[in-house]
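Here chain A shows up in two complexes: once beside chain B, once beside chain C.
Here is the complex of A and B:
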């Protein structure tokens, strides 16, 4: 199959600072909301993540959601977890997604099902995220299925993404895990939401020490925190995330908390843009997708660049 | 010989069949309410509705805040993924702490 790169990959290769957004598919069979959000993000984000049953809660599938984004003129990044599918189902879905025109794949392990709305469901984890990355790469570069059988024609040629969490413990191990993912074939990374910029900077130092920023594109994850209440909840109840007290206090003291939230997010983006090795920003506006265009504009990231040879609009 | 083996097996099965089981069978639970046919003019009672929840595979959630196993009827899950027991939801005034959706309904 001829080289047919995604808009996202092309922009990275052009050396642009990339912006991606995220849409959580609904807990229903209605794709209208996804199309609406995708249209909202068009022209502001270069590609859009579609989560795969995030937080282990049943939702409209990420591949179907990706189709809605494509129809709305955007570019999807399909998330694929290892929790719900074995290697047969994963490969089948990879073939299906690529046949529908999806070119970006983000490989994750997936939240444990006990935290979702089917806590007694059986999990799969036939492969882990690193093995999944390797599988997608082999299908693309070696044209073989996981079993070694040749893919005779039309192999899926995904731009392979992975996630990194600089805020999980033990801190020192995070970079090694990232390197394993790169060795397996990950080409771009989206990080966990960053609130603790100091820790992120230390993590990036370790990334640069191992030269990982030259082997993969790193996107910093940010989130506009709508109110002090949201910040307090995240600080107290969301694991794997460090929310500094100063941020909660700043939001509490603000007259207009939403405006302050945007301001904080813009400051974070401007900060990470200046960190060597950060090649883009991934904005996760959970339940507040309509604010993304405002943030992108205020961060000075408009207009979004054109990807050479690709006519598809950003989204 | 093989035939003797089969006969022995049959004997054992007969003996087993004659014994009463110590515990109920492990078949899917069927109750009167599940099989009962209601006339059209009779409305379903809450007791019957409650019984229905027992038929589902998942009958509880884990509250993300107090980390307690909570029956589904005493917990709520927001579209954004926040899952809490009603006691913890009350602490947030039934407004989702992430996406600010109204969860009082």
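Here is the complex of A and C:
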């Protein structure tokens, strides 16, 4: 294990069907909630994403949140967007995160600041997500900073993740862009939340046509939608997402909407597990983290596997 | 051309409140074309200001002039006398013009009457769109003549991002320019070009490198 690989990477390499969760850090300077969630997810998720000021709303930082997860015995996947940092700040934060024991990172472009609570802020977008992926890979494999200067010792060795959105347009381009991300160095993917399974299957077909499922680990993104009201809101107001009417109707007609939400999510997980090339599931229960263990159990994903040579608990 | 828009009348009136004789200076280039600061707008603004001040106890005298270009010394030289008469100059040019006026007439207070918006053009009557981000190193040959630096909300060089839907950007009322780049490259049979990873841009050639100055010795006149 001279590579000192992350638990996440090890599990993928072992051929396991991987489960990751997600914690949205709080709008406060208190890490207790993160630690609580991380403990709660322990034994149910193999690693946990910590979002980076998602929807451009100021929150406790992803890397600091990752530290709370580590302290709680979990495995963090830190997120890094291109919106708020230039290449100097990104690389600096990555050195810091790796020095603290974080080994997985997810590269994203980031939501535009106009969505968040500081719409008058300047944005950065010095690099885009593909350039970011390449930068992290070069830091690890070529031991150079983005400028080309050598990293003389202790380079950060991240397991590099990226996102793919099968529900954005133009449809075919989503697969080309995913391929570009793989060419740049992405090793695993978490997709946008999948509600439209038919479109996801078509997208996976294109992915397989280009052999991309053999070049990166693909995790299907799912989300338990707590109520018909939330579903309707997401249908209308969240960009880059397709929420089918049937799902909204199904939730609306359910006697117990939360139980139905779990049921739908479990069905979706079981469905994507059978799609060739899907190597894991990423459960985004933002604001409803406590339901994740129930979903993982009902989907038949317990017990979570051990990663060879890694004693650290899952989470 | 430079696209500009007139500031609100209230804002301009407030900035001019402490002056009694102002020179309203129009510019006959871009801002005339985009109907923000040409001869016609000078006339309307001057009349409106006079009317407003007539209602108060401090009437305003206005001088009106529109010159070929405010961003060139030789045209500013032509209004030297007129400028002397006024105790303030309201420049109806872009930010470049305002600064040339201030520099040419150092003892005059200068008020900007416009907000300078972008480098672009008119796409239909009454609609002006940004086209150039003035990044200092043109990459249009790589993107089918459509600029992601100026026209992508996140200036992504390897787009489109996940926020593109039905040809629209996730940012309100914006077209996804990567959707257009993709369609154009596909139509021109150049999709393979888009598979190349576009590397980090050298922003030092853009405004990030500090104020830019272009020197061409071949056209300089030696003293």
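One rule holds in what follows: the second predicted complex is superposed on the first by the 313 of 315 C-alpha atoms of A that agree within 3 Å, B and C clash if a C-alpha of one lies under 4 Å from a C-alpha of the other, contacts with A are read in each partner's own complex, and residues count from 1 in each chain.
Methods note: a residue touches a chain if its C-beta (ideal position, glycine included) is under 8 Å from a C-beta of that chain, and two chains touch if they have at least 3 such contacts.
Please read all numbers here as calculations on a predicted model, not as lab measurements.
Once the two complexes are overlaid on the shared chain, A:177 sits against chain C while remaining clear of chain B.
Looking at the shared chain after the overlay, A:45 reaches neither chain B nor chain C. In the superposed model, A:114 makes contact with both chain B and chain C. When the two complexes are overlaid on their common chain A, residue A:220 makes contact with neither chain B nor chain C.
Between chain B and chain C, the partner in contact with more residues of chain A is C.
When the two structures are aligned on the shared chain, A:204 is found in touch with neither chain B nor chain C.
After overlaying the two complexes on the shared chain, residue contacts for A:127 are found with chain C alone; chain B is out of touch.
When the two structures are aligned on the shared chain, A:240 is found in touch with chain C, with no touch to chain B. Contact with chain B, but none with chain C, is seen for A:287 once the two complexes are overlaid on the shared chain.
Chain A residues 114-115 lie at the interface with chain B in one structure and with chain C in the other. By the touch rule above, chain B contacts chain A in their complex via residues 57-58, 60-62, 64-65, 77, 79-81, 83, 92, 95-101.
By the touch criterion given at the top, residues 24, 26-27, 54-55, 57, 114-121, 226-227, 229-230, 232-234, 236-237, 286-288 of chain A touch chain B in their complex. Within the complex, the chain A residues that touch chain C are 82-83, 87, 109-112, 114-115, 123, 125-131, 134-135, 146, 163-165, 168-170, 173, 176-177, 179-180, 183-184, 192, 239-240. Residues 153-167, 170-172, 176, 178-179, 182-183, 191, 194-195, 197-200, 203 of chain C are the ones touching chain A in the complex.
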